[in-house]
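What follows is a set of structures for review.
Two complexes, one shared chain (subunit A), two partners (subunit B, subunit C).
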Partner chain A sequence: MIPQLTREDLKIIGYNLGRVGNIIGVLMLVPIVISIIYQEFDIIPHFIAASALALILSNLAVHFLNTKKEMELKHALCVAALAWIFMMMLTAIPLYTTHSTGSYLDANFETMSGFTTTGLSLAQDVDHLSHSINFYRHYLQFIGGMGIIVVALTVLARSEVGSVLTFKSEGREEILRPNVARTSRAIFGIAATFLVLGTVLFAIVGIYEGMNVGTSFFDGVNHAMAAFSTGGFSPHSQNILYYHSFPYEIVALIIFLIGSFNFAFHYAVLSGKRREMFKNIEIRTIFITLMLSTLVIAAGLLYFNVYSSPEILFRKAFFQAASAHTTTGFGTVYPAQMSNVWPNLPQTMMSIIMLLGACANSTGGGIKAIRVGIMAKAFFREVKKALSPKTAVVSEKYHHISDTPLTDTVVKGAALITIGYIVLFFVGTTVTMLYGYNGVDSMYETSSAVGNVGLSCGVTSPAMPSMLKVTYIFLMWAGRLEIMAVLVLVGFAILALRKGIKK
Partner chain B sequence: MGLRKFSLKAFLKKNLDFIAGVLSEVGLTAVFIAVAALICLLLVAVKALI
Partner chain C sequence: MKKLAVFTAIMLLLLIPAVVGAESGEVLIENSRGFDGKQVTFQGEVIGVMIRENNAWVNIYDNGIAIGIWCSADNARNISFSGDYTHVGDTVMVGGTFHMACPEHGGDTDIHADNFTILAVGRVVARTPDLPTVVVSVVLMILAIFIIFWLRHVRKEKGKVVPWPMSWR
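Up next, the complex of A and B:
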């Protein structure tokens, strides 16, 4: 029987939310550096006001809800789910007050899209946003990609038990180092390495393509943050297509493919275990599914005579497929082209791979390659069982950092999360269709939101119905938290309503 | 007094491993890109033959 909620439960949640909120308040001050560099002094008060509000609210929570009690899993899941909502609402303030979005709801959509590394955007006139606000959007994706709670833990780690629970409640399942604080620092180190590499590569290509040095570096750092976090925001409304540059697209591909890999995999490879690249189930799975989907998408586009040259086919079909599968959302095809020019076959294939998603414990979203790999192996195991004599013992294992037996519990866990994503997909598609969009476009846009991808076929726009914006905010949030934290939060609310709260 | 003896060999070894790791990951993405390019090339060739 589930025990009745107590006031202590609420205090634990509120206190830890306050601690995370403090970090958000401080992190919101970082873009002020860009405001100073570009002399955009009128933007600074917007960041300071939002940061001050976050710090005041957080400190009130920490002060009045102070508790020494440790978090349990149910608290950690609620903290993770609620933290994302409060982060969205607080970080939306500078976007709204600087009129970067048309409404406060649009600002919330933008920040949830940023934090969840989705990349769907409702920002107004992206090409003419101030440098500070543009940096702020990409910066939200970067810290969201690392897992904002991981960021908070790096600074605030108080006890290992509570930290591990919060860490796992945010959809991260592996501890790379002996404790969570050191794991968080390792994740930050890996992200910083690829951020520097990406910035330098993007800037070099930008300069090579004739852009000035300042713009090359500014675009470079923004694209590197968006690419490594598999976010997909860009300082340009035309996204990567703005550059019409093959080398720029190749750099983007390299950085977002790396961003889609598991942090535990990065840690293993960077520590010298390079054989992991050939043995890891996630790398094998994502390679196979990405190549198969590229084959189907490219064949569909070729069959329907959309593109004919191999170079254009690669730059359109593979770039879109890789961007969708890694849940990045960078595009080299206009949203209207996706809806009106691309045939249903490749567009539907894109919807499927957006749901499959990147590797677990990465910056990416979706069902995750490890679960797809585990379920594929489970299918093979069942076929083997059926073909073997009754007395034969059929066992299977998979390799991810180390060899792990494929147990029914592992398969059940993978299947449950997959079912959760499919339910979200059907709900989102149905709601989108209710607003009059066609089935293929509805599936595409919903997959993009649920899988935290960010590619659009034109449904997402400031003019879309408000309820659809709210639906997509929910889908991005639930998708990023891998559903479970959201379900526990709903369970908490139902429990409080039905049984009340014990003193 | 709290300072460990600096070893250039150990420092280089540690960082070489790290740099080799970064390059290996870039190489892995290059394999992805090359195979995809080959798929596109083969598809166009097959269509030209049919």
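Up next, the complex of A and C:
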């Protein structure tokens, strides 16, 4: 029997949300550096006000809800779920007050899209946004990307269902580093390395392609943050198409592919386990599904005479497919062209790979390659079983850092999360279609939101209905948290309503 | 003579949309298959210039849509301002061939400019801090600092035992 909620439960949640708010309050001051560099002094007060508000609310929460009681799994999941909402509402303030978005709802959409590393945008006139606000958008993606990994490792890992994606299952919790603080440091170390590398590469290519040095570095930092966090925001409305540059696309491709890999995989490879690159179930799965989907997309585009040459097919089909599969959202095709020019077959294939998603414990979203790989292996195991004699014992294992037996519990966990994503996908698609959009576009945009991708076929715009914006905010949030934390939060609310709160 | 005048008038009317009535960015992108390979006129604000040897990419923005223009480097060098937060970019009108998937440029949607005219030179936009916002931000930050130090003091005084807020009793 589930115990009744107590005030202590709420205090634990509130206290920890306060701690998160404190961090956000401090982090919101960082873009002021960019405001000073670019002399955008009119933007500074907006960051100061939002930061102060966050600090006031958070410190009051931490003070009045202070508790020494240990946080349990149910609290951790609720904090994980609510922290995203709390962060969204606080960080939306500068976007709204600087008129970077048309309404506070749009600002919330933008920050949820940022934090969940989705990349769908409702920002008004991105090309004329201030440098500091543009930096802030990308910076939110970077924070969100790193944050979800820490949450995945420390909170989601502790749930039975979530265990499939993390190291906690099968007693492998010490693979990356022995404790949370050291794990977080390792993650930020890896992220900082690729952030610097990405910035330098983008900047060099930018300068080589004729941009001025300052813009090359500014765009480089932003794109490195967005690429590594598989976010997909860009300081330009044309996204990567702005640069008309194959080398720029290659750099983006490399950084977002690296960003979509599991941090345990990064750690293993950097620690000298090179064979992991060829044996890891996630890398194998993502390689196979990416190649197959690119083939289907390229065949569709070729058949319907959209693009003709191999170079064009690589730059359009492969880049878009890789961006979708890694849940990045960088694009070199206009959203309207995705809807009007790309045929239904490639567009639907894009929807499918957006839903499949990147690797677990990465900044990527979606169902995750490890679950797809596990379910594929389980499928083949069942076929093998059917073909084997009754007395035969058919066992299967998968390799992720180490060899792990494919148990029914692992398969069940993977299947449950997958079902959750499919339910979200159907809900989102239905709601979008109810607003008059066609089926293919509705599937595409919903997959993009649920899978935290950010590619659009034109549905997402400031003019879209408010309820659809709210629906997509929910989809991005639930997709990022892999549904489980959201369900626990809903359970908490139902419990509180039905049984009340014990003193 | 009358026939010639009517003919000339009809021809002029046919030419006007191509010369004067520039297509909007939205129309071009929404109907890119229809415009593919056709001569178009596009007008908008310069938001980015990248010179590549003798040619250049100039990104032109029109009502929410920006399109890359492939033009001569000389055209690009004549641009005074590129639009951003503190600048309004030069307004230019471009006539050229629209490509939905340019075979020369890796399938990018672009316009290869035959003529490139700067209609208006851009300008610097002064951005000054809004006084009420400054006041609110300063007051809030002072309040935040006061609350942080006051609560820290209270916690020290009470040995980190914190009471419930009144409403929760």
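Keep this in mind: the second predicted complex is superposed on the first by the 475 of 503 C-alpha atoms of A that agree within 3 Å, B and C clash if a C-alpha of one lies under 4 Å from a C-alpha of the other, contacts with A are read in each partner's own complex, and residues count from 1 in each chain.
Simple rule for what comes next: a residue touches a chain if its C-beta (ideal position, glycine included) is under 8 Å from a C-beta of that chain, and two chains touch if they have at least 3 such contacts.
For clarity, every value in this text was computed on a predicted model and none was experimentally measured.
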Given the touch rule stated above, what does A:His131 touch, subunit B (first), subunit C (second), both, or neither?
-> second
Which superposed partner A:Ile44 touches (first subunit B, second subunit C, both, neither) = second
Of the two partner chains, subunit B (first) and subunit C (second), which one does A:Met277 touch, if any: first, second, both, or neither?
-> first
Give one of first, second, both or neither to describe whether A:Ser308 is in contact with subunit B, with subunit C, with both, or with none.
-> both
Classify the contacts of A:Leu55 with the two partner chains as first (subunit B alone), second (subunit C alone), both, or neither.
-> second
Now for A:Leu290: first (subunit B), second (subunit C), both, or neither, which partner does it touch?
-> first
Is A:Lys469 in contact with subunit B, with subunit C, with both, or with neither (first, second, both, neither)?
-> neither
Who does A:Phe261 touch here: subunit B (first), subunit C (second), both, or neither?
-> first
First (subunit B), second (subunit C), both or neither touched by A:His325 | neither
Residues of subunit A contacting subunit B in one complex and subunit C in the other | 308-309, 313
Subunit A partner contacts - residues on subunit B that touch it in the complex = 17-18, 20-22, 24-26, 28-30, 32-33, 35-37, 39-41, 43-44, 47
Which bits of subunit C are touching subunit A when the two form their complex?
-> 26, 29-33, 47-52, 56-57, 59, 61, 64-66, 68, 70, 83-86, 100-101, 103, 105-110, 127-130, 133-134, 136-138, 140-141, 143-144, 147-148, 151, 154-155, 160, 162, 164-165, 168
Listed in rising order, subunit A residues that touch subunit C in their complex are 7, 25, 38, 40-42, 44-46, 48-49, 51-53, 55-56, 59-60, 62-64, 66, 97, 125, 127-131, 209-211, 236-238, 241-244, 246, 306-309, 311-313, 315-316, 332-334, 336-337, 340-341
In the complex with subunit B, residue positions of subunit A that touch it = 193-194, 197, 250, 253-254, 257-258, 261, 266, 269-272, 274, 277, 283, 287, 290-291, 294-295, 298-299, 302-303, 308-310, 313-314, 317-318, 321-322
